[in-house]
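These are the structures, in structure tokens.
The two complexes that follow have chain A in common; it is paired with chain B in the first and with chain C in the second.
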Partner chain A sequence: MSHPQLSSLRNPSRHWWVLGLLFIIFLVNVLPSLRLLGEALADIVAGEKSSFWKVLRSSATWQATWHSLYTSVLATLLALVLGAGLAFFIALTNIRGKSFWVFMFMLPMMIPPQVTALSWLQLMGPGSALLQLLGIAPALGSRQPLYSDWGIALLMGIQHAPLVFLSVRTNLLVLPKELVEAARLSGASQYRIMLDMIFPLCKNGILAGAAIAFVSALGNFGIPAMLGIPASYYVLPTLIYQKMADFGPLMLNEVSSLSVIVGAIAMVGVWVQHRFQSKMPLLGMPGKPLAFDLGTSRLGCEVGLGLIITLILVLPVLALVASSLVPAIGVPLRHDNISFSAYAYMLAGQGVTWRAFENSMFLSLSAAFILAFLALPLAYVIVRRPRRLYSFLLMLVDVPYALPGVVLAIACILLFAKPIPIFQITLYGSLGIILFAYLSRFLTVSFKPVHASMLQFDGALEEAAQLCGASMVRRWRDIIFPLLAPAAFAGFLLVFMIAVNELTVSALLWSAGNETLGVLVFNLEDGGETVLASAISVLIVMMIALLMLVLGILGRNLPKGVIPWRS
Partner chain B sequence: MNFRVLSVSAMLVGVVFSGSLQAETLVLYTSQPAQDAQMTVDAFEKANPGTKVEWVRDGTTKLMTKLRAEMAAGVVKPDVLLIADSVTLEQLKKEGILAAYPSAESKAYDPALFDKDGYYHGTKLITTGIAHHANAQQKPASWKDLLKPEYKNQVAMPSPLYSGAALIHLSTITANPDFSWRFYESLKENGASALKGNGSVLTAVASGTSPYGVLADYMAIREKAKGAPIEFVFPAEGVSMVTEPVAIMKDSKQPELARKFVDFVLSEPGQQLVLEQGYLPARNGMKTPEGFPERSQIKLLSFDAAKALENSETDKEGFSKLFN
Partner chain C sequence: MAQLVLDRVVKSFGKTPVVNEFSLEVPAGSFVALLGPSGCGKTTLLRMLAGFEQVDQGTIQVDGRLLAGNNLHVSPEQRNMSMVFQSYALWPHMNVMDNVGYALKLKGVKGEDYRQQVMQALDTVNLSHLAERAPQDLSGGQRQRVALARCLVSHPDVVLLDEPLANLDQHLRASMEETFREFHRRTRATFVYVTHDQAEAMALADRIAVMNHGRLEQWDTPEQLYQYPQNTWVARFIGQGSVLHVHRHTDNRLLSGPEVMQLLSSSLGSTRQAILVRPEHVRVVENGIEVKVLSRVFKGERYKYTARLQDGQELGFFHPARLELERKVCVQVKQAWGLLD
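Up next, the complex of A and B:
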């Protein structure tokens, strides 16, 4: 982008707000990681006896590291097969109802991991209300097959497959169609076109997608917590959580060292992702995207897709619904014993369920609102005043989101365990610390749509206004804000949707009266109240589906790239 | 622009803090299952209009970790504790962080069930026995049945690293010469799995992933009443027991309200609620809930509280080594 810089931006007297913005970004996005790094470095320097070396010598550390790598690699492979495969089908063929398939396939990514794990647990094992209803439940004493490394990898693979899907599809949509047509005219078979042309051309998209799926699996907490902890199978995030839960802040030093290890692995993944993503072409040739004619096998392919969606989405959700309707765990669901008592209890409008709902609403709405207001000027500055410093800033904004949530939570505890100097406010143990962590983590989610929109916004408009004497405030009010507002709103909804169900960060930061919805589902399942946990999860899934529909409708009037799953 | 952002965030943060500083709010840490805790709190709020109780539920051992974390950070949250066992409270009493309150209600209680200085009062009797799935092939009658080959890989139990009742159970069994640590070692050899709290054991037994489980009585008996396929057995050798005591924190900001809460839980209406929730009430002269034997019929394994307190850390460590 080489827009002429606007003169007012070169005027130093206008720089105060840019500096203020940079300061807030530093405070929210950079400081926590720095604090964590400082803690670990101080520890390494302290020598042999420090907790960093103790952690390095502990076999539990290496076992959990191995488990993390093993499950994440397996999950990434599965995500690759599922995500890339479906991307080829949906992006390259003349299959019908594409936006429906995309929507159904995106849903598993937006459903929070703890709910995914809970619903799959209700689908398998001898106690599954759904399997009992169908009379095909396994025998008593059969282990829950999901309480294993394979179970964890399976669910994480399904959850993160949409990330690969998005990356590959973005790549496929900009493939030069002319090349393929030329090849076809020269008599190349479909198979050769795929192998010699399309695969090599979307290699970067596949690899970038694999990297992002790997990083997400590495940081996933909900799934290994629900499936691994009962089997004493620990990955790095659950090991950190368990150490904090069992021994508290005494462990803060050790846990910080562990966090640095998992953070470092994640950063390698992020670097790989950026590397391949930057090689992807951004804009393709004009014209219609590729659409291979499936011919007579089209219906077969559609049925196949339907089966996959049924398997990875519909069945687990049905199992969840079945479990929310039984009078007690282990009771088979029959038409005469359907019970809505869990829903009635939940909607009675008081108690911990309601409070968690209120807290999550407050946290996610405030985070979404504040972040929308941060994202607007940030996108403006980065696009209008391209500087080396800002591309660096862009990476920093990404860090708290790319880091495993547990790491960010530990960083926030380190930062706020003691009262904030000068103000003498203790954020630890209040909703404030969770809000801070959300601001840090989700800035990039809110920023990306606005940034994408800003990139496509012609600077000439603003210049014309400036030539006519419109002040900065006036230009923001009459031009910039109205043009960016839809994207900012999309970012707002995205942040809200992710934050309202967030578990990883709040699992370590919640306290009395400050539970979040994610923590509630996790704790209820933990306390044996599976039926209630299922009922809450059913409502969560419904809310997510609804919000995604709203975003989809909104997305029709937005520029490309604003809603991640819309092209 | 950034001023607006700052003022909005300041406003929002302000809301957060004002919320937590409201008067007449009692904070309760409890290991009761969430729905029971809610019932107790609702009943107390109803009996004392204008008061509000915020509560946190977690396993006793985990709650203690949370409490210590907060003490280290200088933000102690709870006014009242209602947790599984008296051994944990005896420890807190020794550390001097509890307030004594010799409630007048304790006249109606067996002196063994409360601290004589009033630092804590038992509220119910919760025994740990064996639960099994209604369709399970074996009908266990004794603790040692769980070591038989028919039970290989079929038994679940709560972890003392999570649950207070499980810790007391561990100390009762290991201090007993008939069982000792050998019993737990044999359980491990027989493929028994240590889950988290009693809640996870209940799920495992009722859903059939582990048809047999070491479990707190009320969980099994109550779920059975709801129709769940689960049975509870008081093993022949006897059961271990906790009393789920209530105690007031010394640094409580609402000491008056905290005392009211203690009196409420110990009072007859409070104990009636305990009965309705399906627990054995601790107060003398109360009925027994549906599905329980008479109080006098329940055989207890011998238990030495002083020794349990002394050994609690090594017990936890030993268990953790064996099962993790």
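Up next, the complex of A and C:
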């Protein structure tokens, strides 16, 4: 029996908080995109001389668009092979230690792109401390092979493969075992079952995963910025960044036109993803997951899996560690010259490093906290009082996260370039604008776990309390909040983990004194302080691994779908 | 203990009426069942009694006090009712004791007083030894008893039960039925029990309201309902009788054996009227109406048969011996009930 509506919610006198909530969501999530769209439309209407037409005529625009599409498509193909392949392997066979493999394979997604780029740069090329340690580094002065379109595609492919992996794995886990057993009884071999049953049934999961990997690659800033800018290879996000960095707000008209182009391409990808995801069969939960017997080749397969993880995760991280321990870049690492000076400097508690750390902590903790408290009532209203308006709202909540971060940043600049009317507060150039952008971008991250938990919340639990005489406030305090709190906390940690290393949005919104950790790594590497950048990155990777472990432990007591990589 | 009066209650979801002009007077302290097939509106009616759904038209009163209707809606937390849910609705983050005592806590009962009242409620369902457990660690039957204790502790006027046995297995049901009966005797509250299972309704209730398509079909004691259903629909819904068509008026009247035999052996005329023949009133005899055996189900102490009359209608009966299918036998009907439509 479903309990879709609670009587007290229909009492009109209690509607004010719902309206207030919707207003905040509109302000934070919808207004920036509307502002950007309005700007672009006004520009298009203005005719031939407007910046929109100027941008369309510029060859740099088309070159960057081509670069964006080229690298994103290549990255998507790589992510597809890697992600779908491993998903089939881990979800469908009797391989041992599945949760370990899933964890190791999810890590590259959670490591921020600028750190991924930095670690790969430390792995390859002439300056690599690790290669020097092994004595196989290319000669000094030779070209870094990753400063190229293939390098960008390779790293984005590895970074976004977990998205495909998750999508396909989710699809595979809900495949009813009975379908396969029925096929087996009909005389199908394992090979035929793969071809005739499993492949067609998870086609939508594969395609949805490919679409989301494409959109993420398109919006990726950290990797093309670290690998492309040194080689003057620009994609759309880095072109926007470069224009803003070189000319500042003077270029605002032009970059907002560029943003609309990226945004439009991304929205097509999002649309494709939603289409396939909604077609994913919800065939119910099989009692036991499928497990094809690998037989004697199981050990070999496990070794192979270990090699892949070593290649895409362990080696780059080792290279990063090695780089953080050398006295200076280019000096080979030996047991007698290991230097912890970078770590000591970082933890000394002063200078720009410490300030960036403080800023990022403040921003990510505030964003995670505020969003947790927005997500709770939002999930409650959407589940308990389903309306058509709300399902539309649900789509809008996704938009700032799906849009490339650069686009959101430009939208926020447009929104706050002038002081806010009435209050006369200028957010532009302060931490406030970054916080606003984080709230907008990560609401969906915080909302999803609470929503999943709320969907499994039996309405009778609340009704029973109501019959005991509990008012709305008491029910929130005694029943609803305690039961949703674990999911809200999971959302809090997820937002914190992503926001504390955020680069794409902050790269355009930071100002002197308001640096973030993500910007710091990028700027340090840009300024040649590779050892320090590596040391910070090592700490970031450790923090992320730790938080993911905490989330994994927390996830054992949570409903399915709350922690993205647990199901 | 309270008298419940529903007066022409109407409820629609969108344009579909779910409860339609429903009137009922439930005597104080009685145990009534709302019985009907799924989708007949019985759960919606129960939720209107609790206050979870608003009434579109009509009124609901308890002991002369208006609860709903005429633009008034007393919220559930102020109705002094309690409910046993199909899913038990035990709060997973509280232990058994806190689940049972939540209503007391809200009333400000504390300390030894609180403990005593909770333990007393747990005692009546024989669960005082599990007070510190989490609801997740209990079996289905134990959870149901915790839910009952939670109802007991707040001394409600009306106890609402929403298919409380639906999630339990056959063996537990019988013992839970006994617990409900005991519980009703003790509290003397008015019980409204929603179910689609007629055996359950007949075993528990003093009176049964049979519902179909949001309307009240019949409101009677279980015995009356079984023996004298008011119309064809109720006759088909309750028990396993055969509804046969005859050609003479027989309105709501008990027909004697010879009368029925005469009606069945003559051919159909223009007026068609229905009669209800219960299987226990049919006997296999040497001389009677000839029927052909269609199906046979072994029931342990006897067989249940379906047979075809000469005019094509089907008749059900019990017989202790095995009869071959397609075989022709003679039967005699001892009595039947004439139906209105």
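What we mean here is this: the second predicted complex is superposed on the first by the 559 of 567 C-alpha atoms of A that agree within 3 Å, B and C clash if a C-alpha of one lies under 4 Å from a C-alpha of the other, contacts with A are read in each partner's own complex, and residues count from 1 in each chain.
By definition in this document, contacts are C-beta pairs under 8 Å (C-beta built on N, C-alpha and C of every residue); 3 or more make two chains touch, one makes a residue touch a chain.
Note that the structure is a prediction, hence the values are computed from the model and not measured.
By the touch criterion defined above, A:Gly20 lies against chain B but remains apart from chain C after alignment on the C-alpha atoms of chain A.
When the shared chain is aligned, chain C comes close enough to touch A:Pro482, but chain B does not. Touch criterion not met for A:Val268: it reaches neither chain B nor chain C.
Once the two complexes are overlaid on the shared chain, A:Gly527 sits against chain B while remaining clear of chain C. In the superposition on chain A, A:Leu311 makes contact with neither chain B nor chain C.
Applying the stated contact rule after C-alpha superposition, one finds that A:Met395 touches neither chain B nor chain C. By the touch criterion stated above, A:Gly141 is placed in contact with chain B alone, chain C being left untouched.
A simple residue count on chain A separates chain B from chain C, and the partner touching more is B. When the shared chain is aligned, chain C comes close enough to touch A:Ala465, but chain B does not.
Those residues of chain A whose C-beta lies close enough to touch chain B in the complex are 17, 20-21, 24, 125-128, 137, 140-144, 229-232, 245-250, 327-331, 337, 345, 350-352, 355, 362, 366, 369-370, 373-374, 376-377, 417-418, 425-426, 428-432, 435, 476, 511-513, 515, 523-530, 532.
For chain B in complex with chain A, the touching residues are 1-6, 8-9, 12-13, 15-17, 19-20, 27, 29, 33-35, 37-38, 41-42, 54-58, 62, 65-66, 68-70, 72-75, 77-78, 133, 135-137, 153-154, 161, 193-203, 205-211, 219, 223, 226-230, 323-324. The residues of chain C lying in touch with chain A in their complex are 43, 50-54, 73, 75-79, 81-83, 85-87, 89-93, 102-103, 106-107, 150, 154, 162. Those residues of chain A that touch chain C in the shared complex are 1, 3, 6-8, 10-11, 458, 460-461, 463-471, 474, 478-479, 482-483.
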